[in-house]
Every structure is written in C-alpha cells, then in structure tokens.
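For reference, the structures are reproduced in the following blocks.
Shared chain: subunit A. Partners: subunit B in the first complex, subunit C in the second.
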Partner chain A sequence: MKLKAMYSFLNADLQLVEKELEAATQSDYSLLSSAALHLLQAGGKRIRPVFVLLSGKFGEYDIQRIKHVAVALELIHMASLVHDDVIDDAEMRRGRETIKAKWDNRFAMYTGDYIFARSLEWMTRLNNPLAHRILARTIVEVCRGEIEQIKDKYRFDQTLRCYLRRIKRKTALLIAVSCQLGAIAANAPKEVADRLYLFGYYVGMSFQITDDILDFIGTQEQLGKPAGSDLLQGNVTLPVLFAMENVHAKEKIVRVHPHTSADEMNEIITLIKQTGAIEQSYAMSDRYLQKAFAVLETLPKNKARSALYEVAKYIGKRKF
Partner chain B sequence: MKHILKKMAMLKEQIERFLHHPYLLHHIPMQSIDEDRILLSLSMLEDAHLSSEEMDGYVVPMMLVQIALDTHDEVTNSLPHQEEDELKTRQLTVLAGDLYSGLYYDYLAKRSDLATIHVFAEAIKEINEHKIRLYQKDIGKIESLFHSMAVIESSLIYKIGEHISLPLWSKFAYYYLLLKRLVREKELFMKQGTSVLFEQMANIVFQKNKAMAKEQKHYLSHICNRYIEHCKEELLGIELECNELLQMRLSELIGSFSVIAKKTVEEG
Partner chain C sequence: MKLKAMYSFLNADLQLVEKELEAATQSDYSLLSSAALHLLQAGGKRIRPVFVLLSGKFGEYDIQRIKHVAVALELIHMASLVHDDVIDDAEMRRGRETIKAKWDNRFAMYTGDYIFARSLEWMTRLNNPLAHRILARTIVEVCRGEIEQIKDKYRFDQTLRCYLRRIKRKTALLIAVSCQLGAIAANAPKEVADRLYLFGYYVGMSFQITDDILDFIGTQEQLGKPAGSDLLQGNVTLPVLFAMENVHAKEKIVRVHPHTSADEMNEIITLIKQTGAIEQSYAMSDRYLQKAFAVLETLPKNKARSALYEVAKYIGKRKF
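Coming up: the complex of A and B.
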C-alpha cells in the first residue's frame, strides 16, 4: 500500500495544511518566497503533519486549531533541513538543488532563520503554554544533539548508548513531539498524549536506524550520494557499531577519515555487510517498531490508530 | 546611574550563563554582548514602569535572539584553507545560532509568554527579509538601503516598543541603532576602503561594485554623513526621559561622528 493511501481520510485536511504552508512561507520579498517555494516543492512525506493530525483524532479533533501545530512542525523541520545542508555541505536533496547550492550558505542561513521565525509565528496561534514548553524544550534538545553529533565524529570508541541518545535527539524527539502535540492541541487526555509521545519516539528510533542501514545498502542512485557517506563523514551509526564487534572489521573502520578513497570505502562497506551488522541493525529497528505497536495497542481503537500502525510499519520497513 | 549599571551587569551575567557551552566555546569565538542594546531596552522598559523581573523577560530573550542572528552572520561561504577545522567551525557556528534561537523560545515558553514569542518571531522574520535584500544587493534606492539597515539593527527593540505601547522609544531605537551602525560602517570604510554599506551605496548610485574614484568615494561619504546627520537630528528631536547613562552614550556616539566627519573633510 502506498503511504498516502494509509491515511486517505485526511486528504482534505492535509491539503489545507499544504495551503497554510504555502501561505506561511510567503514573504514581502519575492526572492525569499521563491526560495521557500523551492523547498516546499521538493515535497517530502509531510510525515510530521500526518502524525499531528492522526494524533489529534484521539481528542476533540478541530482542524482549524490542529493545523497550526502541523504547519509549525513542518516549518521547523524545513528550517532545520536548510541549515543541515549548510552543515553537510550538501548540493542536492530529494533530487533538487539545495538552497545553499542554488544560492549560497549565507542565503541559506537567512532563509532558515526566516522559516524558523514563521514556524513560531504559526505556533503562537495555539494558545496553549504547555504545548510551547514541550516544543521549545525539544528544539533545544535537538540542537544540543546535533552539536553532540559533531563532537562524536570519527570517535570510534563511542557506546551504543551514546548512539541511541544521539538519534533520539536527531530524529525521534521531533516525531514523538508531533504525536504528543497533535493530541494536546485536540485536548486529548494527558495519558493518551503521553502514550502517543512514546509511540512517536519508538517509531522515530526505528526510522533513524533504518535510515542508517540504508546508507550502507543503497546505491548512489537510490541515496543521491555514495553508499557509506555517513561513515566517510565520521558518523558512527548502528551498523558500524555492530560491525566493530568484529576485530578485523574494527581495524579497518577506525582508520576511516574524510579523505578515505572510494575503493577503500567500498571494501569497508563489504566488510561491514559480511559481519552481519546490517541484520543486527534491522533486528534492533524492528524491536523499536514492535514497541511502537505495543503502545498503539493501549490506545482507543479507531481509524487513526489503524493508520498510525500502517504508517509506522511503512517508515520502519521502508526500502528507500 | 549606579542602579542601571548594576542591572546591566546582572543581565549580562544571565545571558552569559545561557551562552555557556564548553564545546562550542572551545571551537567558536563567543559573540560579544552589545551593552548598548541592553541599556537601550532597559531605559525603555524603565519608562514603562515594568518590574525588574518583567524587564528580564524582554531583555534576556531579545539578546539571545540578537546573538543568534549575529552568529549566523558569521557563517562562511568558502573555506580559505579547505581544512577540517574550518569546516567544523562553520558547522558549529550554524548550530550555535540555532541553539541560541531555541533558547529564546525556551526561555519565554517557560514563562508562558506567548505574546512576546510572537513579537520576536515577527521581528526575526522582518530582519531576515531585509538581510537577504541587502545580501543579494537587491535594493534600488538609497532610502530603502538605510531603512533596511535600520530594520536589521532595531527591529527587535522596535517591536517591543510597539508591544508595550511606547512608539517614541521605538523611533528612538530605530535612529539610535542606525546611527551606531552608520558610524561603524563609516569607520570601516575609512580604515579598509570598503564596508557593506558603501558597497551597496556604490551599487545603487554608480551601478558598480569595483574600485571607485576618489570623487565617487567622497560623494558616498557625503551621503552617509547626511544620513548620520539626519539620525542625529531625529534623536535630538525625540522628547524622551532618557537616563543619564543613555544620554552619555548618545553624546559619545554623536561625538564620534563629529571626529569622523572632520576626518572626511580633512581627507577631502
């Protein structure tokens, strides 16, 4: 089943969110509007708005109120992508030129800051201090996580715990909070909002682990970058950690540096695959997914719960 | 005066605590905290008879936003030596700015102050619109150029002034911070032969960006002086109860302009 088909009952509301996103990124200055439109048209799965709306279905669902959270979270995600492309010096994203490639780094910084400001403007339309406290704390945590990621680059002696904490901050938190805030915006009971947070957290962890696996098993065409790019950039991900349990593989991996040749990288990727690290990583991703499903079981049975199940399964098990 | 100096020092300490991040501080230079902005905003808030805690609630997040935006101005387009350390510095500069932005939101969210979150978000939006216009050299008129500079410098305080219904203070901040920026730009131009403002003026007036003849430079200096003079007149015409310290700073600023203007005349 295609992803969109899993929540087709939200189509009209998602279209409304899309329109609001267009409105939110409009500026008095046309060049800035074009840059933002360039980003919007790059698409993306709009997974955060989907989680917000589906979670809102567990309370008093009012799209006119919930849409503010959905728009704000997608804008925060967009702003962070614009800045991430500067950090990663990335030229392409989803088959399109990045803002920093089409213009330059400084332009990307200002565009990202503009979009972030718009997201907070939109979010303040929701008059709920608790929702703001949660979102603000999350944004700070995500930033601290990204700084940690830079600190941990090429640090091959890091622990599994360190990796898990990093991906929590990098990916899982924003998905968890999308679910939690959707519920809060719909005035769902606290217990339900907390469970949805947990569900989002587990799905986010599974999502990021899968992402880290795909970096090794995808082709350049599928990934839009050479396989093993994460490792080449010094990011020690789960497959690498598992592979380093093998002494021979570890010897090779710890020698990776920014200028390691493509041939050497290919050799290391093959070695990582031979250690069984990919299968071990998939197993861990699946364990998180199973935990997410278990949380869902504790929530009231409805159409949204079935959709969350399907979406979680899709993004946890996606091939690319 | 003692009282305001003490308050400024306390605020500075609070802000520094927020900025303290050992790893970041080890790799990127700490942004300086502009005491003039603290003084200006405090003077305005005192005039609104706000409590000390209420003042903190505006000044601390405002300075965090300012530092976040200033930090992002430091992000480079190219790496002079193509070295790993330069790349790391750039990456951390991006993230430091993002973190400080997040901290402003977190500070106000903890106080449940959604109105001020909105005020600053509007200001950040406006500042970045004008920064891009300026950066892209997409400004067609000299007046618009000076207005963009004023917005970039003053929008945060300006919008607080509007929010607490002190429009005269907004106007004062607009011209005070523009004046400060113009004096800085003029000094840079005199020392290094170029500055963002003068490059932009050359682009608008002579439709060029390359080396200018002496007469052309002099002409641009003259335009800048005229605007500095205009700011001065506006500031002196605004009837506000300024505290002693702010009055002193204003006199210093105007005085430093007189020195520059004299030098311009001497250098012909």
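Coming up: the complex of A and C.
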C-alpha cells in the first residue's frame, strides 16, 4: 500500500495543514520567504503532521485547533534540517540544493532560527500552556541531540547506548511528541496521550534506525547523495557499531576521515554488509516496531489506530 | 549615580535571577555548560531582568513567578549575541573571546539554539498562554531583525526609516517586551502593561542609538574592540546616516569594505565627528528618552517608577 493511501480520510485536513505551513513560513522579507518556500517545496513525507492528526482522532478531533500543532511540529523538523545542513556542510537534500548551498551558512542559521521561532508562535495559537511547555522542552532536547551529534563525530569508541540516546533526541522524541500533542490538543485522556507518546517513541527509534540502514544500502539516486555519506561525515550509526564487532571491519572503519576516497568508502560499505550488520540493524528496528504495535493494542480500536499501525509498519520497513 | 544603586532594593531578587540563569544554562553535556557559563560570566548589565522586575512592581509582585520571565528575557538576549557573533565573525565580546572564537561557528550555532529553546522552556514555567505567545512572537521579530541586518550590510543608500525599523526589532522590542511581560506576570492591568511596553520601546530605541554612537566615540579599551567596528562590518548606523548628508563625508563612507585599513577608518571616524553627526544622533536618542519619560508620567507614582526613570536616563546618556 502507498503511504498516502493509509490515511486518505485525512487528505482534506492535510491539505489545510500544507496551506498553513505556507502561511507560517511567509514573511515580508522576500529572501526569507523564498528560502522557506524552497524548503517546503522540497517536500518530505509530512510524517509528523500525519501522526499529530491521527493521534487527535483519539479525542475530540477539531482540525481548526489541531492544525496549529501539526504545523508547529513540521516547522521544528524543517528548522532542524536547515541547521543540520550547516553542520554537515551539506550541499544537497532530497535532490535539491540546501539553503546553505543556495545562499550561505549565515543566512541558513537565521532562517533556521526564524522557522524555530515561528513554530513556537504557531503553537501558542493553541491556548494550552501544557502544550507550550512540552514543545519548548522538546526543542531543548532536539538541540542537545544536535550538539551531541557534533561531539560524537568520528568517535568510533562510542557505545550502543550513546547511539540510542542520540537518535532518541534527534528523531524519536519529535515523533513521540507529535503523537502526544495531537492527543492533548484533542483533549484526549492523559493516559491515552501518554501511550501515544510511547508509541511514537518506538516508531521514531525504528524510523531512524531504518534511515541509518538505508544510508548504506540505498543507491545514490534513491538517497540523493552517495551511499555511506553518514559514515564519511563521521556519524557512527547502528550498522557501523554492529560491523565494528568484527575486528577486520573495525580496523578499516576507524580510519575513515572526511577525505576518505569514494573507492575506499565503497570497499568499507561492502565490508559492513558482509559482517551481517545490516540484518542485525533491521532486527533491532523491528524490535522497536513490535513494541510500538504492542502499545497500539492497548488503545481504543478505531480507524486512526489501524492507520497508525500501517504507517508505523511502512516507515519501519521502508526501502527508501 | 551608579546603575546598581538605582535599584538596590532589587539586589536580593536579582541575585536569585542570576542563580536561576546559571541553572537554566546548565546541562549534562559539559562542553555546552562551559560555553554557556563562559557567556554568563562575561557579565553584561542584566538590563532586561531589571526592567522585568521593576515593571512587576506595578502589579502583585511575586519574585517566584516573575523570576521565570526575567530569566527568559536575558536568555533570549544571550542567544542572539551568540548568533550575532557568528554572523559578525566576532572574535571578542566584552573583552572576552566569543564562543565562536573559543570553539567554532557550528558549536556556536547550536549553543545559541539551545539557549533560545531554554528561554522558552523557562517562560512556560509561568502558566500564562498570553505570555508564551508574546515571547514567541518577539523571538520571531528578533530573528527578522537579525536577517535584515545581514541584508542591509554595506547598503549605504538605506533610509532612516530602514535603520529605525531594524533597531526596533534588534533591540527596542526586547526591552519593550521585558517591561510588558513583567507587568503581565504580576497581573497588572492591561493598560499599565501596554504603557510599560511603550516606555520600554522608547528606552530601547534611545539605548541602541547611544550604543551606535559609542561605537564611534569610545576608546578601544572602553568598547573591547576598535572604534568604528560597526561601520567596518557594514552596519550602517544613525551617525553614519547623518554624516552622509555631507557630500564629502559620504564619498569616503560609501567606499568602506571589510578590508578598509585602520588608518583609513580613523580618518573616516574623524570626518564623521566633524559633520556634527554625533550631536544629531544624541539629539535623536534624547527625543526617544523624553518620550519614555512622558509615558512614565502617566503611570502610578512609586519606587519602581523612580527607578525606571533613573535607569532610562542612565542607559540613554551613558558614556560607555
């Protein structure tokens, strides 16, 4: 099944969210608007808004309230991408030039700041101090995750725990909070919101692990960048950690630096695949997915629950 | 009178705010904590917390509530300084190395992000959605001001209006909102909060114009950087705009670029002083100050009002 078909009953509402996203990124300064629009048009799955809306279905769903939450979560995600591209010195994302490549690092920094701030501004349209507090704390954690990512670059001696904590802050938290805030915005019972948070957390962990796997097994065309880019940039991800349990592979991996040649990288990628690290990583991704499904079982049965199940399965097992 | 003597009755409360600021910038990641501490210890006048607390005295002043607002406003100011130093490529601030100089631009970007987010997190400790909304909107405007500042660099044909709008967003707004939110946190009547906002706006305009004057008339020792640094970096400030009404001065000024020599800069500074631009700028700063005083006259007479008067006079007319 295609992703969009899983929640076709949300189509009209997602279109409304898209329009709001455009409005939220507009400004009277045209360069900023065009940078934000460039980013919006680059697309993306809008996974966070989907989780917000589906979670809202467990309460008194009102699109006019919940749309603010959906927009806020997608904006945070966009802002963090802009700043990540500065850090990673990335020229391309989703097959398009990044803001820092098209303009420059400084402009990208303030564009990111602006989008972060807009996210919070949008959220405060919802008259709910608890929701504001959760969002602000989430941004703090996302920032910590980003800082940890710099600190941990090319640190090949890091533990599995270190990796898991990093992807929690970097990815899983935002998906968990999307689910939680969707429920809160719809005045769902606290217990339901808490379970949706947990569901989102497990899905997010599975999602990021799959992402980290795809960096090794995807083609340049699928990824929009060469395979192994994460490792070349010093990001020590789960397949790398598993592969380093093999002494021979470890010897090669720890020598990776920003200027390792494409040939050497291809050799290392082949080596990583041969260790079985990809399969081990998929197994861990799947364990998180199964935990997510188990949480889902405890929630009231409805159309949204079925859709959450399908979406989780899709993004945990996706091929690109 | 020394600045601190004007509000000595706040001493204990300001010490509490200082302790909270330390707590707010701590994290379990030591590099981030030390960067934030480096910034805190660089000092600064803590003008925004002072305005918050004094404005709170116009309502039901409760330091345990209002301290959150004071911390949030100072943190936003700190975060914007960190990002400004990245943009300006500044090596020194207040006589100390900047974060971007001591570590690097990337780290400085995320440190700024982190402090921005902490500011909002701290604010949400106050259970007041209106206050959250005002703060979020303020950050959006501050970011716009920062982006405008990049856009307007070395644009010597800009209007006075363009300059005034920029310093409003860059400086005056944050002081205005400090006053407004101090009043709101103390449940002061809306009309009082609105007047305090206006007072803060006028004071902020005067403050920034004075700052822009000092860049030309201060010594390197007073400024912590060479005189004329703003102009060298392309910031077209009020004294520059006034000086360019003189055709001879304008000819020299429009040729300033990032690598203009120190000797040439000194010549241009002398020229700017000779046009009378400094006196004209002081006159405009003073007009804003008088407007601030006029607003103050309409507020209830109390110890805080007297202190606001003294503080405003001090920062509008300060010599360094």
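One rule holds in what follows: the second predicted complex is superposed on the first by the 320 of 320 C-alpha atoms of A that agree within 3 Å, B and C clash if a C-alpha of one lies under 4 Å from a C-alpha of the other, contacts with A are read in each partner's own complex, and residues count from 1 in each chain.
To be clear about the criterion, a residue touches a chain if its C-beta (ideal position, glycine included) is under 8 Å from a C-beta of that chain, and two chains touch if they have at least 3 such contacts.
On a predicted model such as this, the values are computed, not experimentally measured, just so you know.
Novice: Clash or fit: subunit B against subunit C, after overlaying the two structures on subunit A?
Specialist: Result for subunit B and subunit C: clash.
Novice: After superposition on the shared chain, which partner residues are touched by A:110: those of subunit B (first), subunit C (second), both, or neither?
Specialist: After superposition on chain A, A:110 lies in contact with both partners, subunit B and subunit C.
Novice: Touching A:258 in the superposition: subunit B (first), subunit C (second), both, neither?
Specialist: Only subunit B; A:258 stays clear of subunit C.
Novice: Between subunit B (first) and subunit C (second), which does A:68 come into contact with in this model arrangement: first, second, both, or neither?
Specialist: In the superposition, A:68 touches no partner, neither subunit B nor subunit C.
Novice: Output check: A:57 vs subunit B and subunit C. Expected answer is one of first, second, both, neither. What do you get?
Specialist: A:57 sits against neither subunit B nor subunit C.
Novice: Which residues of subunit A are in contact with subunit B in one complex and with subunit C in the other?
Specialist: Residues common to the subunit A contacts of subunit C and of subunit B are 27, 29, 31-32, 83, 86-87, 105-107, 109-111, 113-114, 116-118, 120-121, 123-124, 127, 129, 132-133, 136-137, 139-140, 142-144, 146-147, 150-151, listed in rising order.
Novice: What does subunit C use to touch subunit A in their complex?
Specialist: 27, 29, 31-32, 83, 86-87, 105-107, 109-114, 116-118, 120-121, 123-125, 127-129, 132-133, 136-137, 139-140, 142-144, 146-148, 150-151
Novice: Where on subunit A does subunit B make contact in their complex?
Specialist: 27-29, 31-32, 80, 83, 86-87, 89, 104-107, 109-111, 113-114, 116-118, 120-121, 123-124, 127, 129, 132-133, 135-137, 139-140, 142-144, 146-147, 150-151, 258
Novice: Subunit A touches which residues of subunit B in the complex?
Specialist: Spelled out, the residues of subunit B in touch with subunit A are 21, 23-24, 68-69, 72-73, 75-77, 84, 87-88, 90-92, 94-99, 101-103, 105-106, 108-110, 112, 114-115, 117-118, 120-122, 124-125, 128-129, 131-133, 135-136, 138.
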